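Below is one structure, written out as structure tokens; comments come after it.
Residue numbering begins at 1 within each chain, and the chains themselves are lettered A, B and C in the order written.
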Amino acid sequence: MSSYEAHFKVWRGDADGGGPADFTVEVNDGEVVLDIIHRIQATQAPDLAVRWNCKAGKCGSCSAEINGRPRLLCMTRMSVFDRTETITVTPLRAFPVVRDLVTDVSFNYAKAREIPAFVPPAKLAPGEYRMRQEDVNRSQEFRKCIECFLCQDTCHVVRDHEENKTAFAGPRFLMRVAELDMHPLDAAAEAGLDRKRTAQDEHGLGYCNITKCCTEVCPEHIKITDNALIPLKERAVDRKYDPLVWLGNKIRRREA
Amino acid sequence: MATGTEPETDAVPAVTAGDRARGGVHHPSRAAIPDRHLRRDRWWLAPAGTAAGLFAFIVYSTWRAFADTDYYAAPYVSPFYSPCLAENCVPMRGGPNWEIFGAWWGLSPALLILIFPLGFRLTCYYYRKAYYRGFWASPPACAVAEPHRTYSGETRLPLILQNIHRYFFYFAVLVAGILTYDTVLGFRDESYAWGHMGLGTLVLLVNVALIWAYTLSCHSCRHIVGGRLKHFSKHPVRYRLWGWVSKLNARHAQLAWASLISVAVADFYVYLLATGAFDDPRFF
Amino acid sequence: MTQVDRQSWDVVVVGAGGAGLRAAIEAREQGARTAVICKSLFGKAHTVMAEGGIAASMGNVNAGDNWQVHFRDTMRGGKFLNQWRMAELHAQEAPDRVWELETWGALFDRTPDGRISQRNFGGHEFPRLAHVGDRTGLELIRTLQQKIVSLQQEDEREFGDHEARLKVFQECTVTRVLKEEGGGRVSGVFGYERESGRFFVIEAPSVVLATGGIGKSFKVTSNSWEYTGDGHALALLAGASLVNMEFVQFHPTGMVWPPSVKGILVTESVRGDGGVLRNSEGKRFMFDYVPDVFKEKYAQSEEEGDRWYEDQANNRRPPELLPRDEVARAINSEVKAGRGSPHGGVFLDVSTRLPAEVIKRKLPSMHHQFKELADVDITAEPMEVGPTCHYVMGGVDVDPDTTAAVGVPGLFAAGEVAGGMHGSNRLGGNSLSDLLVFGRRAGLHAAEYATGYAGADRAAPAGSDIDLAEAEALRPFSAEGSPPGTEPGRPPENPYTLHQELQQTMNDLVGIIRREAEMRQALEKLAQLRDRAGRAGVEGHRQFNPGWHLAIDLRNMLLVSECVARAALERRESRGGHTRDDYPDMERRWRRVNLVCRLSGSPGDPAAGDPALGRIRLERRETRPIRADLLGLFEKDELAKYLTDEELT
């Protein structure tokens, strides 16, 4: 086993300000960036704040930006870096900073509440649900989401434009709309809720310009853009931009 | 060892007031980092490459579309001029010149028809990504701050019109059909006798295959074929089609580039034949 | 003392994993105003790590399955030490709990006719585990999380406030369960916000503990940092008792390389779906380790084992699917005998057994995990695996029907923090169903109990307890080195160092194979660590300070570790998750004994107490006889292996 000393710049500070702090830390074979952050904590800066949980890429807690790229600290192996390079670790830059590498991700929880929940079919009792595997595959892909919020962080709609945060749900939650709209037993339509239409009218689907950064950063390799956002846009088109439907609506409105 | 248990507030902000006013990653609530981004890889390479590639095609196609010459070398027609719908088209036996527009059209007949593939590609989900990043820097690359002060995406005119992609797709299918017809006509010799093949036939064949692959791999096509269904299990044939289109769709970006290049190559090949710069090698 | 933030709720649930969230949903649906407190962000609980599935005898894949068979398997797995009433309720109610998840939006993998698919797992006679690939825990958490959000949306419509009747306090740690003046009924909890370091008190007549396990006291573990035994310690400090603490499950297959991920789980479904264990000689060694009690139930040859995957009616299952304790011990023995893999594990091979496509479809997150963390492609090469501390069977001594902690009115416990259900060893898949079944029961009874105490009847927290709790939490900031009355001049201790030493001690001395001398040594070491932990000091301030958080959690880990060590030293036999090198056999008379841990000395000061005697008092208690109709589910011959002659007559 070989070990070496690596140079790290870790952003330290809080809402009032801060900057990069330099560390020289030991690195051993097979380690990931989170191991190094932990070593810094244990040996040099015991109060260095970082969120983490499972350390296996399953919980999505340790999201941060490494050399400017949104990543999970626990899934970024040290072997991908050059031994001489200085590795910069900063908190997520789309959300308010709390302290050091910890950010306030409450934006995401607020957005989660804005998406109407699954509507169970009225006539089926528990245990009577029947769904084919081919019908649940699409939604299952989206349910792999570990809510690390890296897609929300990298999405320029909110990352670069704070003012869009009210109108735009972000890739994770537009994907949630897609998941429910593709759920074979979701009875939203029967309950008078048109998820396709609200995706655009209430959750800001139109802000997405499909530049695919959400897909690029997804640690679960979910094809967010191709399988959730674009299909959702196409479903909205079904509702709103089909010229025949549009014409029909116009005529009906005039009559009324 | 610690003395107090309340936060110290002596850190010096490294971000200027001007930065803060710009919002985005410099918004006052965010971590104070002066740099617009901290990426160290060559992130600019992809958008720059995209922009260069698209720009080259635009220059080439504009020249060729307005040139109004050297687009037919029997039995081959340039895909830029097919179908040729005005009276001023050069005569082609068997098509694809149909004088729908009659004599009043005086400009290049390419302009009549190129609008459709242009619209299809302009509203294509892949090309949108490519030119939003490459030309408009919105964003230039992931986690690289964009230079614009405001952003409304595709929520308003004119970009809300991107939603009509589907209708361009229908036209694109027609165009691909006509290009297929052209390719069939390519199995003639220069005196229109059937049962021959030359290098040009092969060029058209490759081009039309790529055009079809690109057209069918379109996200709208994927939606229409089966993506819009809630229950695949009730539509087994459409589910299978959706599966095939999905496989193609995963390569949509590559097909977009491949077909863009092939269409230019096919046109250029016809140009070379028409100007006499090159003789079509005949296979049989 | 500074003023702490105070709020009043009906039910407080500590922990937001499967059990906590299920309890909260139930309490809220019963009409109780419910607060959930969790150390991490909402939706990040350790439950997301559960991979294999939820055991429930729905009989979708094999119609022969029913609750009686599930009950039998659970009792066998736990070597009959299970709290049988809990095992009975669990087996009976699990299917309803799974079906209910579907009505909240869960999407399990399906059978060809559209029902919930069920997979095979170690110790389960029939395919029984409802699953979603190998990320079932994530599906469970997300479904419960989204159900909570939907309840909050209802409240928003009704009251204009999402949090009117159900609120999640995320990134908060509870350090004390508060009681009324005089120490009778529970009156709330004391805790701090991790983000700001601010203290708070939530007053409530019912407190549900759903904090999970204790794995972070061990070095090699599949558990996350949250698993510091908080609920176990909170219960002890509130006057409740813990049972079965000697039983700690070491999952047979954790990753062994690279070192930074050592311990991370490799799901049992790898074996359920066809993966086999081989030693360095390429031998499928598990055939040599089938214990007598299981001889008739498992294949005797590789051929038969292989046939079983195709035809389960006419073949016996391969021994790779023995209960976890058996497999873990077998791997341990192979490695000790020098037949291990290069990094000190054995080989788990699925690459030669299934086509790459199938592996990627059935085990996506395993494929991902090995690719990303170890650079191993499991479709092309074998994995290296070894035992890892996974689960504690022991926990709060509860009433099986209501989950109420024995002896502390108003305190409830569900999930891993509750003891008894799994006996000496838990079967894979029984944990997620346990969370749902007993989480619901905890929520139900906590809400009922709380409604019984309206307004003035409610107990108020004793003011002195709040002051004490605050002083205890702040102590690491004022660590002066030597505590009063001891020799001066000793430096403050680094909490990270103490934690590492604790983990090493528990791993080496009270680990998978135990010996009397080593456990005595462990108890001495624990006493020293407890003394040093009294001097743990931290730098910085209270805002999101992980060093401080760890210093506070150390108290819990030390208490729980002592319970494990003391109980393990006392039980002179080997059974399930407790293996004694010096007493290698299972003794029928020990089946009748539960070891019960209680706090000795003053609960106010956990650092006090005689180092030699420790903080924990151990008692033996006779188990309740198993009800006759339940015993009737077993063959006499089988019972004779577990029950004493006296019990059998």
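Basically, contacts are C-beta pairs under 8 Å (C-beta built on N, C-alpha and C of every residue); 3 or more make two chains touch, one makes a residue touch a chain.
A quick note: this is a predicted structure, and the numbers were derived from the prediction, not measured.
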By Cα centroid distance, the chain farthest from chain C is B
Centroid check, CA-based, most central chain -> A
Taking each chain's mean CA coordinate, chain B and chain C are separated, in whole Å, by 55
Per the C-alpha means, the centres of chain A and chain C lie apart by a whole-Å value of 29
Touching two or more other chains in chain B are residues 7
Multi-chain touching residues of chain A, meaning two or more other chains, are 14, 104, 132
So chain C residues touching two or more other chains come to 538-541, 543
The residues of chain C that touch chain A in their complex are 40-46, 48-49, 58, 95-96, 99-100, 102-105, 107, 109-110, 112-115, 132-133, 135, 138-139, 142, 146-147, 149-150, 152-153, 156, 162, 195, 224-226, 257-261, 264-265, 364-365, 368-369, 372-375, 494-497, 500, 538-541, 543-548
Within their complex, chain A touches chain C through residues 14, 28-32, 35, 41-43, 46-61, 75, 77, 98-100, 102, 104-105, 109, 112-113, 116-118, 120, 124, 126-127, 129-133, 136, 139-140, 143-147, 180, 183, 186, 220-221
Touching chain B in the complex, chain A uses residues 11, 13-19, 65, 67-70, 85, 88, 90-91, 93-97, 103-104, 132, 134-135, 153-154, 156-157, 159-164, 182, 184, 204, 206-213, 216-217, 226, 230-231, 233-238, 240-241, 243
Counting only contacts in the complex, chain B reaches chain A at residues 7, 9, 11-15, 23-25, 27, 29-33, 35, 37-41, 125, 128-129, 132-133, 138-139, 142-146, 148, 150-155, 159-160, 163-167, 219-220, 222-223, 227-228, 230-233, 239, 249-250
